[in-house]
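Below: the structure, in structure tokens.
Letters A, B, C and D name the chains as they come in the text, with residue numbers starting at 1 for each one.
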Amino acid sequence: MATLAPELSVSRWFNTPKPISLEGLRGRVVLLHAFQMLCPGCVAHGTPQAQRAHELFRNADLTVIGLHTVFEHHAAMTPVSLEAFIHEYRLTFPIGVDAPAEDGPIPVTMRRYQMRGTPTAIVIARDGTIRHHGFGQEDDLALGAILGALLAETP
Amino acid sequence: MATLAPELSVSRWFNTPKPISLEGLRGRVVLLHAFQMLCPGCVAHGTPQAQRAHELFRNADLTVIGLHTVFEHHAAMTPVSLEAFIHEYRLTFPIGVDAPAEDGPIPVTMRRYQMRGTPTAIVIARDGTIRHHGFGQEDDLALGAILGALLAETP
Amino acid sequence: MATLAPELSVSRWFNTPKPISLEGLRGRVVLLHAFQMLCPGCVAHGTPQAQRAHELFRNADLTVIGLHTVFEHHAAMTPVSLEAFIHEYRLTFPIGVDAPAEDGPIPVTMRRYQMRGTPTAIVIARDGTIRHHGFGQEDDLALGAILGALLAETP
Amino acid sequence: MATLAPELSVSRWFNTPKPISLEGLRGRVVLLHAFQMLCPGCVAHGTPQAQRAHELFRNADLTVIGLHTVFEHHAAMTPVSLEAFIHEYRLTFPIGVDAPAEDGPIPVTMRRYQMRGTPTAIVIARDGTIRHHGFGQEDDLALGAILGALLAETP
């Protein structure tokens, strides 16, 4: 029943010295925050929540990853603009630019996960399976409970 | 290292057909929210958080209990006033009035737990031991993680 | 068309060395904030707004007056409870207890103004006439504009 | 003592069928909201406040104008990006792009007004003079009072 999380396809990384792969994170819990820098719900809620999770679970086996899944206004949300956004919003967790698709506006990873829009929160367990896939605003208490439960699983 | 949670001493219950004891809740996780109805930090944050936890984990093995630990302004926060407060704020989780002490302003349960003030959040695991004791505003994400981890423990 | 604001009927004052009358405030603008200490919309929004107005216009010709218009749960919101509420919420503007009526639950001043509930904001111009009567949450920007306009009128 | 507000120098307008000049608005009150689309304090507070003022005073003699004063991250905040920002945030008041200067990063109008950063709120009276120049977050109640007072002045 559990689905193995598809690998990320990222064209450029920020806030990490080297590329990140989900395969390389096996054994850890992963919170994948898919967003667009001009998506109001992301900026007001989802992205700050990802940043807080990154800080709160700093000493736990959790990795927070941002994924810039641009599926509209492509010319308005280039990596140059994203870089300024990351700087201005003081985001410190690793953020990857979802690789553009050759045949449509929806980027590669976003399509692999069949995301419906942004923000989307994906939680991946230590065994690499998807345990939560939520579109829209995630309640802090509910998200915390999901992360707490998965972190409690034996590695 | 883990301390068994002391039993509650309650003089009057609201929102429950019969008295609640921690002993009777063994096997379940308990969130004990100690508050005063005229404590601004409780009204603005702690009490609504307890209500949200009550609703969010309705189908999980979690019991949320409010404890009205009046240690100041006793004449201002009588059970009559508390009853109106519960009604006006639409609180639906069980709430007990911490039994007044015979020899001082601090009520019995509050003293047993050595609480420092209100709001205080106490989280009790399925085995009856205290796993978290926090004074002041609790972050939703952090509290959710504690509850999620304890709920993940085998009953 | 403008109605002269009826006089207040107050049984007890807090935060003022002597009773206040609207007649004595002629020449000043008055913001009358009617509330109940157990009304959630008052506690979360209206009462803090009145306190902010009191502080913001400290050097202007504005007097902010709170009026505790208890029309329900009378036993729960006595002056003793109100006094603790004022202390805990650090309210510093003058607050009067609306005089109980002899023949019903609605207090005297509340009835004179035909208020529909709490919170209610009444704004009175320098000439003593009512210029605004709002029930429910008042937008800060809109309320500020009303006060600014009336303060700009020549005394 | 009152300073006449310098004219705007705008390279491109959004949300208006034709260019706007302050001179053409003489007789009206003007709220000039200078912002950058990647300035967190603008996005969270200043720009929504300008939008609310635009809606609240729709039938009053107030014109709200946004001014995109890019003085940093120029490549990240081009008109193409701004256009998407305006669309995504549902901004409906007129917004001009402050004309780039030939000899430095600070655009022309921003320099004329000697603004210190973003957000900046400038309020101009019916006679064209500057009555308020604020840098940073503006309190709604205080801004409302300024606008209300100026609108009360005889045209």
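Here is the rule we use: a residue touches a chain if its C-beta (ideal position, glycine included) is under 8 Å from a C-beta of that chain, and two chains touch if they have at least 3 such contacts.
Since we're looking at a predicted model, the values are computed, not measured.
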Task: Enumerate, in label order, the chains that touch subunit B and subunit C alike.
output: none
Between subunit C and subunit A, distance of the C-alpha-averaged centres to the nearest whole Å: 49
Query: What is the distance, in whole Å, between the centres of subunit C and subunit D, each centre taken as the mean of its C-alpha atoms?
result: 35
Of all residues in subunit D, the ones touching two or more other chains: none
- prompt: Which word fits how the chains touch one another: line, ring, star, complete or other?
  reply: ring
Field: Chain-chain contacts as defined at top
entry: A-B, A-D, B-C, C-D
Statement: Listed in rising order, subunit A residues that touch subunit D in their complex are 38-40, 43-44, 73, 75-77, 80-81, 83-85, 87-89
Query: Tell me, which parts of subunit A touch subunit B in their complex?
result: 49, 52-53, 56-57, 139-153
